[in-house]
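Labels run A, B, C, D, E and F following the written order; every chain starts at residue 1.
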């Protein structure tokens, strides 16, 4: 039932709202054709991030793309942000419901 | 006579420290800070419209020089006494060279409650002081490095929320003047103190959150967060006296020098000096200096002004 | 003379029942309720500052006793007539033993519109009444069980948003007094009725949502949601008369007794009596009693007061 | 004399165009538009209470006819000159046949600042004009198709946020009258201009975002977005003259005709004519016509009124 | 460790807030027993959707159901919305922690 | 391409905002090193939860950890909350982009 050709990688990036614009710009420069952002709060190695105000807010960003592109973006994110920013990235496969007239639009 | 807005701050602080579930939604915090920034700008702009702009130029230059100088004064202390990493020392220095609009608002409200006059163009200085410390902070952290994306820094500094609203308010107030402002006065001027009270309630909660990190960073940071404003306040007051300002004006100049940024500077440092630990500088500026200033500092800076004037 | 705030409630109710897309963002609902709680607290505190606190002690004690008693009165009805599960009966009883700040605000506004005096320390009673019913509710549901995490309950009850803001406002108003409040009056006092109007608009929408569950729970709940306030209102009015209160004061005492909580109690019950179905108690308190009280109840309690005084 | 609210719009526009980080949280945008809609409705309702309703019926009918006619006037231009797809032409036509409440508010504020009287029942026309253009737009796009879910359309149109708040405010104002409104005046009336200023700040930011699409859609859309209001404004002014309205009334009639919807119509078109590209109609109505109207249009429509009256 | 019988499909729909109610109504008509919505913003083929105001806001909807039901809903969504609305749908497997007393409740 | 050693479990908990703090405290007590929360609304066996006000709001919590830890937490959540609260939990595998200097930090 599952159509292998529609399997893409979804990358989820949870990071500081302070760098949301930077991260999104980078992703687009790296070739992302889309992304989705949601306001978030959390806990991690950088402590509690309660979102009570700008500097303590998180954002949860999703990017869906081919595995190759996603890995390229993930590596770039890791290099640029992991050391100095609160950031967690994880990947998993998703089956995308395709636009028939936009075949291969995410390749 | 105790100002109710300080009590709102203390209420928020207690609620936060006692882990009450009380919190303001982030959108409301945004609204309150937008209202405060616009109101301060508008009030300053209306006053500017009344006086010749050129006469202010020397004072403005002096204030800019102060903004460049203050961070350089504390940087070595942070580096050699505090033994912070270079990036952290530079970032903290930048916070203390810049200003806190919330603290400024508390000082204004303090003077208003006592019917003490102050030079009404002070908001211009707030705008001017937001920026130089950021540049100095980046230079201290990185030297004149090719790495620094100055375009991005300039964008961040000049087009940050704080500057746009303060400067925008100033210019609008300046254009429309006292008459023009009447129709929007009920929101921006009449509600000012109430909005400030709510804002300080939330700042109390946020400050309580920041105080959690106090013990982690130890005594030096606490001492630094109290001693710096006490000294910087005197520098500001002296500068005010040098320009022949009134008692109120000197109090505000002292408050500006003594206050530490917790909005514009942390955001800029986060982007331009990412290796600096933001929790360190915020614990100092927000967890120590901000509460110190609004509860004890402002009255202290008022006595500075009175004392200096008694000498003259 | 019809009060516009009631019409705002009806507008929201109709919009909700007709499934209009109208809704207020959750952050705005939060802002409005924070403003109301602080304003009620501040007003009460300012008045408290004017009178000897000790004289109020007997009344405060009596009000506390009422808070402990009211839930015990309805619990058996819910259990044996309504045939609810023990937890549900206890939880509903707790809702009706406590108070609704929104209903209190409507009563205050009703009296103000008619220039009817009321004892100004009523907000103290609101604070006092928030709590006892919660404790009784938990005890009714669980007995004196070792399971109950009383620390958590105390925290939830004493540090919930409602108490912190009401009590915080009271104390601030009490400290700064009538003079001190002037500067924040435009936001907290002058805007009060407008804020209440917007709040009731949203409450109308929320109530409409709650009414969807009415048919599921049947006639008993509807009857209970109307008969209880009608009876409790008389108890409150009598208590007010006993303490020699004015017509307005008796009206408010009746309203406090008659109103049912929909903020503090549901939150506390959710944590401490999780097996109680929150939809049941909210349908009663929010879907029936709240609209009944603000549209018909308050005028009824006013006639209670007039009638009782005419007897005296 | 320049109105400060226009400067707020320009501040937002510049901030947006320069990609400042300034933005208002969506919840605040919601709050501001709710306050504006209710305030406009309330003001209109209070005035309606003062005059015999029946006398207005002919004018109301004429305004409805105008609402049905305006979109039909521009549809062929969009289809044959603009060469838009049928759905797009129909959708844009609907936007221009309807009204923009923000533009109406600016016109009201323009007249108030100049102490120019206008017939106070204008908000009734705003409500009336919101709807017909939507029906015409759907018919133009789809013909009398069986596909159209008219129930859904009616629900969307009659129970959309804008209508519910405007009409709700009207009715509440009408019921309680000038006296009844006093208690909620501080929020809804006194703050009106300040709220409008903040709203326009945000509209400036949104408009800047919309202008990004300008170059994509080319010169025709820009020309259309400016010429249409210039012509429609004259139609509105003439209709006002026909009914013997005052200078201010004619200015507002012109503004209503000239303004293009950016809230109710896009939402309705998105559901009922999904194949229309929303970016196209919003670029025109929000990116071109809205800024044109509030900066240049309203003064122009005022001169229309003066000119026509000078002829009479 | 993994219990095959608790594997369901999670469908994530990212689309315009303007059609949230429509989409949710459709899903329920198609048999969805639940959904979860979150406010979102994003970028895609329909350009930047910044959520600054209603017409530019996105919503991120999740529906968990059996594979069969989810595929039916996904197909219906695609048919009804993909052509004319900003919408992205993707699917992946999740292991649901079941209500013991509600066995088979999602079938 | 996929590095098995970076595979962790992601647990998603959708529940009543009224118990967010309780749930998060429990998770931390059970050993969670991080979590991410997002405001949500939804529909489920407990009816419509519209988020119009506090008592009707949902929250969507994610916790990433080793499979073992996640299963332990999921079981505890189920035991404590499933009976009496609106709650849905599901799990799936994610590949985490690791901190090189923090190797094994999530184990």
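As a convention for this text, contacts are C-beta pairs under 8 Å (C-beta built on N, C-alpha and C of every residue); 3 or more make two chains touch, one makes a residue touch a chain.
None of the values given here were measured: they were computed from a predicted structure.
Chemist: Using only Cα atoms to place each chain's centre, name the chain farthest from chain D.
Modeler: When every chain centre is compared against chain D, the largest gap points to F.
Chemist: Which chain is most remote from chain C in terms of Cα centres?
Modeler: A
Chemist: Rounded to the nearest whole Å, what is the centre-to-centre distance of chain A and chain B, using the mean of the C-alpha atoms as each centre?
Modeler: 35
Chemist: What is the distance in Å between the mean C-alpha positions of chain E and chain F?
Modeler: The mean C-alpha positions of chain E and chain F differ by 19 Å.
Chemist: Report the inter-centroid distance (CA atoms only) between chain A and chain C in whole Å.
Modeler: Roughly 46 Å separates the two chain centres.
Chemist: Counting only residues that touch at least two other chains, what does the list for chain B look like?
Modeler: 21, 24-27, 31, 186, 191
Chemist: So which stretches of chain A touch two or more other chains?
Modeler: 38-39, 92 - these are the residues of chain A that touch more than one other chain.
Chemist: Write out all the pairs of touching chains, ordered by chain label.
Modeler: A-B, A-E, A-F, B-C, B-D, C-D, C-F, D-E, E-F
Chemist: Within the complex, which stretch of chain A touches chain F?
Modeler: 12, 14, 38-45, 58, 60, 67, 71, 74, 77-78, 82, 88-92
Chemist: Residues of chain C touching chain D in their complex?
Modeler: Touch residues, chain C against chain D: 1-5, 7-8, 11, 15, 18-22, 24-28, 31, 109, 112-113, 186, 190-191, 193-195, 197-198.
Chemist: How about chain F: which of its residues touch chain A in the complex?
Modeler: 1, 8, 10, 24, 28, 32-39, 64, 92-97, 99, 102, 105
Chemist: Taking the complex as given, what residues does chain B use to touch chain A?
Modeler: Touch list, chain B to chain A: 23-24, 26, 29, 202, 205-206, 209, 213, 262-263, 266-267, 270-271, 274-275, 278-279, 282.
Chemist: If we count contacts the way the header does, which residues on chain C are in touch with chain B in the complex?
Modeler: Those in contact with chain B are residues 25-27, 30-31, 34, 155-156, 159-161, 164-165, 168, 171-172, 175-176, 180-181, 183-188, 191.
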